[in-house]
Amino acid sequence: MSSDDSTLRAIPAVPLTLEGHAVLHQMFRVRRDAWRALDANARTEMISQARSVLDQIGRFENGESAAFQGLGHKGELTIVHFRRTFDEIGAAQNAIARLKIHDYLEQTTSYLSVIEIGLYEASLEIYRKLADGGLSNGSDEWRAAISSELGSLRAKMASRLFPRIPARRYLCFYPMDKKREGADNWYRMPIADRRRLMQEHGTVGRRYAGEVTQIISGSIGFDDYEWAVDLFADDPLVFKRLVYEMRFDEASAGYARFGPFYFGIRLGADGLEQIFAV
Amino acid sequence: MSSDDSTLRAIPAVPLTLEGHAVLHQMFRVRRDAWRALDANARTEMISQARSVLDQIGRFENGESAAFQGLGHKGELTIVHFRRTFDEIGAAQNAIARLKIHDYLEQTTSYLSVIEIGLYEASLEIYRKLADGGLSNGSDEWRAAISSELGSLRAKMASRLFPRIPARRYLCFYPMDKKREGADNWYRMPIADRRRLMQEHGTVGRRYAGEVTQIISGSIGFDDYEWAVDLFADDPLVFKRLVYEMRFDEASAGYARFGPFYFGIRLGADGLEQIFAV
Amino acid sequence: MSSDDSTLRAIPAVPLTLEGHAVLHQMFRVRRDAWRALDANARTEMISQARSVLDQIGRFENGESAAFQGLGHKGELTIVHFRRTFDEIGAAQNAIARLKIHDYLEQTTSYLSVIEIGLYEASLEIYRKLADGGLSNGSDEWRAAISSELGSLRAKMASRLFPRIPARRYLCFYPMDKKREGADNWYRMPIADRRRLMQEHGTVGRRYAGEVTQIISGSIGFDDYEWAVDLFADDPLVFKRLVYEMRFDEASAGYARFGPFYFGIRLGADGLEQIFAV
Amino acid sequence: MSSDDSTLRAIPAVPLTLEGHAVLHQMFRVRRDAWRALDANARTEMISQARSVLDQIGRFENGESAAFQGLGHKGELTIVHFRRTFDEIGAAQNAIARLKIHDYLEQTTSYLSVIEIGLYEASLEIYRKLADGGLSNGSDEWRAAISSELGSLRAKMASRLFPRIPARRYLCFYPMDKKREGADNWYRMPIADRRRLMQEHGTVGRRYAGEVTQIISGSIGFDDYEWAVDLFADDPLVFKRLVYEMRFDEASAGYARFGPFYFGIRLGADGLEQIFAV
Amino acid sequence: MSSDDSTLRAIPAVPLTLEGHAVLHQMFRVRRDAWRALDANARTEMISQARSVLDQIGRFENGESAAFQGLGHKGELTIVHFRRTFDEIGAAQNAIARLKIHDYLEQTTSYLSVIEIGLYEASLEIYRKLADGGLSNGSDEWRAAISSELGSLRAKMASRLFPRIPARRYLCFYPMDKKREGADNWYRMPIADRRRLMQEHGTVGRRYAGEVTQIISGSIGFDDYEWAVDLFADDPLVFKRLVYEMRFDEASAGYARFGPFYFGIRLGADGLEQIFAV
């Protein structure tokens, strides 16, 4: 316990969060031998259908989809969907599966999450205010107050919760956990200490603000890691610099467990043609 | 040893449990290229057969089955079976395998377990009562008394042991273990301490009682993890909130090891049609 | 070092073991789409051939084979072979591979081991007797004496070393290791301490003697884990109770590392028909 | 903290790096049954097309590609691409995928990275110079100064950043991480200590300078490990000697986590013919 | 540090090694459904070709190849190649791939290594002699002296470095690492302590000398583990006894990390016929 604030012991360990778009990442390999066996007209038609559907679902009012060229065996086509609801994610998945070109794809992996803003700063302020106001943690009054605070934060942060897919050329995507290994157990650390580490971590991120658009999504309860990170940049080397620098933050050095990394190049107008050319 | 109760040292380390429905989760991917190659009539007929069998086995007196749309590469169709016996689970598995549409499915994974109510509270009371009554742990009298206590608890809790599949829209499913790693070894902890941690853990769960229906099943001896958790809710974000909040409980923070997470959307009347539409 | 017996330091760390039947577990999935494409006569004939071969190899004087319905994606058909020699296991594998129905199976996994009786009790007695008799560990006299002791034990325990496959309805199978992780290193523990832990462990097992038939096989040098456990019972819930209770033994709590678990239902007269019905 | 230099506490933990060629390793198995089913003319033509494209893309001004025979199940064909940009890597991937012979390949794995020169020595000098000059870490002046220093280093090291693929006969390739496990956490170590360990590590490498050409690439943000190592030599036993000797360096002994290893033999003029002969 | 020899601190940590045959293990499953679909003549011819090629490459002056029946899903055919060079291993791989029967095999895994004699004893003697002679570690004189010492040892041990494949009936194969986990870090241990542990380890091995032929190969730089072990015996139970006894050596108990284990039965004259019979 590095905190000597007695209030702290009475407040929740879990930080408040805000949730936005549901997100699905789909990674596909092209089954190129079957694809090449098709006649050229069939191929052209299927690409054309795929492009038109991608364009269409890429412009939904309630979210959008974007396609990337993946590099390597994890799959040369990555599709990212942002949607208002998980039901709409299900519908987007169905729309992709119904594409004729889908018969020539093999889904290698995917990731399901929901855009999340973690509120370590605000949580401690709110928790302390409520505790100082005499509300007891978990009571109906407490919960109503929290709900109301979250409501106003949600309204203020709507554009960050329900963003467009950033219009940058390169994508870096990876899921991650906070460790619970021996002495390095994030979930046993006092919330004030976690807040401090997340602040430091955020400081590094902000240094890259102009170069990288970062979208954090939460996947506890939805997929195999706890969080997922999407980085969008116009210079791919920035991904390495940012993630390397962050790795020395105590939040990462001591507590991050990283999943696989995926790299993508945003498909331009003729991107599908390039990937599917034989 | 955090307990100074000398009786404790004489009582069993293993908590009593009650068992109910046998449970099988089946996750399937659609082999869509072969499916699309069928003519439309054949597809309609197979969907129709599948729906009729699912409806039928979904209403068994001895349990039921329910189908969900899965999101992502783990499979777009999840079927959950609750049955009175493992033999009936075997029969349900056969029934699904005999569906014509099954030729167009690929089973990606599955999970076998049995609904379990863990009785940490009752165990300690019963163990102490028997020990105070002079019975010795493991003797025939001890075992008969335990058996009789379990009998009455089983009768009282029958509806929780043999429930319907909750009629909520979203499913979150994951298996988990209790850790035995270095200093964090659940199975070396005194039963009274485990009871306390499970109480705290239960407190969080109960806070979500109105929003989430939670069904715990045990899989020691049946599948690769020790327990499985099914959460059913009408708001999918509640899964994240509940599981995140619980992760800070000492029972989870210190001792839980989580397996993969699966998310599903309950299939409505035309759910199969939606998934299998081409 | 918890032992103050100076003899102990001179005696071997490895306990004596007796070996019996070689054992192969084979897990298969049915390739049901190809199977269903066959005409009904061909299917009937293949099932009939399979049943007749299984019956035949199930009655070998030198061992036997038994088939189980597996539940879940690990495969709906499990075949267990007990044989006098590894060569006969090779022949049994060939016999299964030559079945016509084998073309419609996909082997998902397997496990190779040999029935083993661990002799912690006897080992210490024998080792001490030899040491007290002035024989030195590893000398020719020592080895001859050990060999002769094992010879008589082997004769006495022949029926446990070369058993029938127990005629109970349910099978629970899993491989396991003893841990060598940090402070929890089974192989660094003095043999007398290991003996004590194995005694405690055996005590739990014996409590279930009437309900479960347990067969331990050793797989060091043969397969990926060190041991394999087959439990046979008429009530499948007993598997969970037994394995759960054992997990609190120090031998399991502190030192066991478990592999995957497999559950099977013994095939009755029409078992193959049930599994392969379309 | 093994450093008593107070300046050290003010300087960044992350060492400076220079980046050169983007690199993609592609590992393929030959689908030999389908390949053999082709008629001999078709095979000759496809090999001929493949050779001509490999020759062509092997000579790009902006990088090159080279093919190797892999040994074992990881795939008998390995192609390594060096390119100025990730977009060109994407184009190289497309070029390989468009080869007719690609229909007879199965990509088993791949690795994406960028040639990196780690500047532990220079970093500390530069950081200290800037700190002594009164610049504060992360300020605009600091960043401009760093950028200018990197610019001159990049110019000086251009040939190491954008090298040819070394013309040696054997390839050893493996990815690796620096550990963050318990007390062995590379990212929590002061930069001066890491510098010292990297110096020692480099000393071993330099001893093999005449026998091995080593190319380090960074993959943080691009692929699943943090770095990748390509060793090129004319005597394959040198790989074992070098990597074994390095494993005793504190940098490797204490902090390296190795991924899979790949071994290749550079394809000569008739190399493709040899691999694809039936 | 358990050594008080000040010379020790000046001598290398890495023990000297001698290298002999390059070794490739190939594990194959039979694609039996496609195989059975062939007509009997075609099958006979392919077996005959395979046998003749195996016989031929089994008798190379520069090494040989041998085939084994594998048990279980890892594959029913194992082929082991010993060759003078890695290029010849590449040629042997090509020869197997060109067999017509290869179209009916699926390679499940493989392992690449080179026969190695570890010289812990000799290393310390040589290192000390050189150090006492005033040579400094790593100098040209030092390296020349080492090279000359290795030269004479290599000549003396030629038959162990370039052996025949032992003509025993059973094969046990497994790869392994030395651990670098927390306090159990082989590579941080002083060389004199490692030597002592390897001596103890060797003592156990020598006790089985008449019953088991053991061939150690090194795979650092070639494959995913650091070493591989081939045991050949006429009694398969000896594998279990030897490996079990060794597991209690401090070298294994504390520092070994084992990979998968493979078991094989040497194919006799009609071995291929037995495996491929339908």
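Order of writing sets the chain letters: A, B, C, D and E. Residues in each chain are counted from 1.
Quick note on the criterion: contacts are C-beta pairs under 8 Å (C-beta built on N, C-alpha and C of every residue); 3 or more make two chains touch, one makes a residue touch a chain.
As the structure is a computational prediction, the values presented were derived from the model and not from experiment.
A.B. asks: Show which chains lie in contact with subunit B and also with subunit D.
C.D. replies: For subunit B paired with subunit D, the chains in contact with each are A, in label order.
A.B. asks: Same or different, please, for the subunit A to subunit B contact, judged on whether over half of the interface numbers appear on both copies.
C.D. replies: Interface between subunit A and subunit B is built from largely different residues.
A.B. asks: Compute the rotation angle for the C-alpha superposition of subunit B onto subunit E, expressed as a multiple of 5 degrees.
C.D. replies: It works out to 145 degrees.
A.B. asks: Taking each chain's centre as its mean C-alpha position, how far apart are subunit C and subunit D in Å?
C.D. replies: The answer is 46 Å.
A.B. asks: Could you state the distance in Å from the CA-based centre of subunit B to that of subunit C?
C.D. replies: The answer is 28 Å.
A.B. asks: For subunit E, write out the residues touching at least two other chains, lowest number first.
C.D. replies: Residues 181-182.
A.B. asks: Can you list every chain round the ring, opening with subunit C and moving on to subunit E?
C.D. replies: Starting from subunit C with subunit E next, the chains run C, E, D, A, B.
A.B. asks: Which stretch or stretches of subunit C touch subunit E in the complex?
C.D. replies: Checking each residue of subunit C against subunit E gives 12-14, 17, 19, 22, 24, 26-27, 34, 86-87, 89-90, 93-94, 97-98, 100, 102-104, 107-112, 114, 138, 180-182, 185, 187-188, 218-224.
A.B. asks: Please give the residue numbers of subunit E that touch subunit C in the complex, ascending.
C.D. replies: Interface residues on the subunit E side: 29-30, 32-33, 36, 69, 71-74, 76, 170, 172, 181-184, 207, 231, 236-237, 239-245, 247-248, 250, 252-254, 256, 260-261, 263, 265, 274-275, 277-278.
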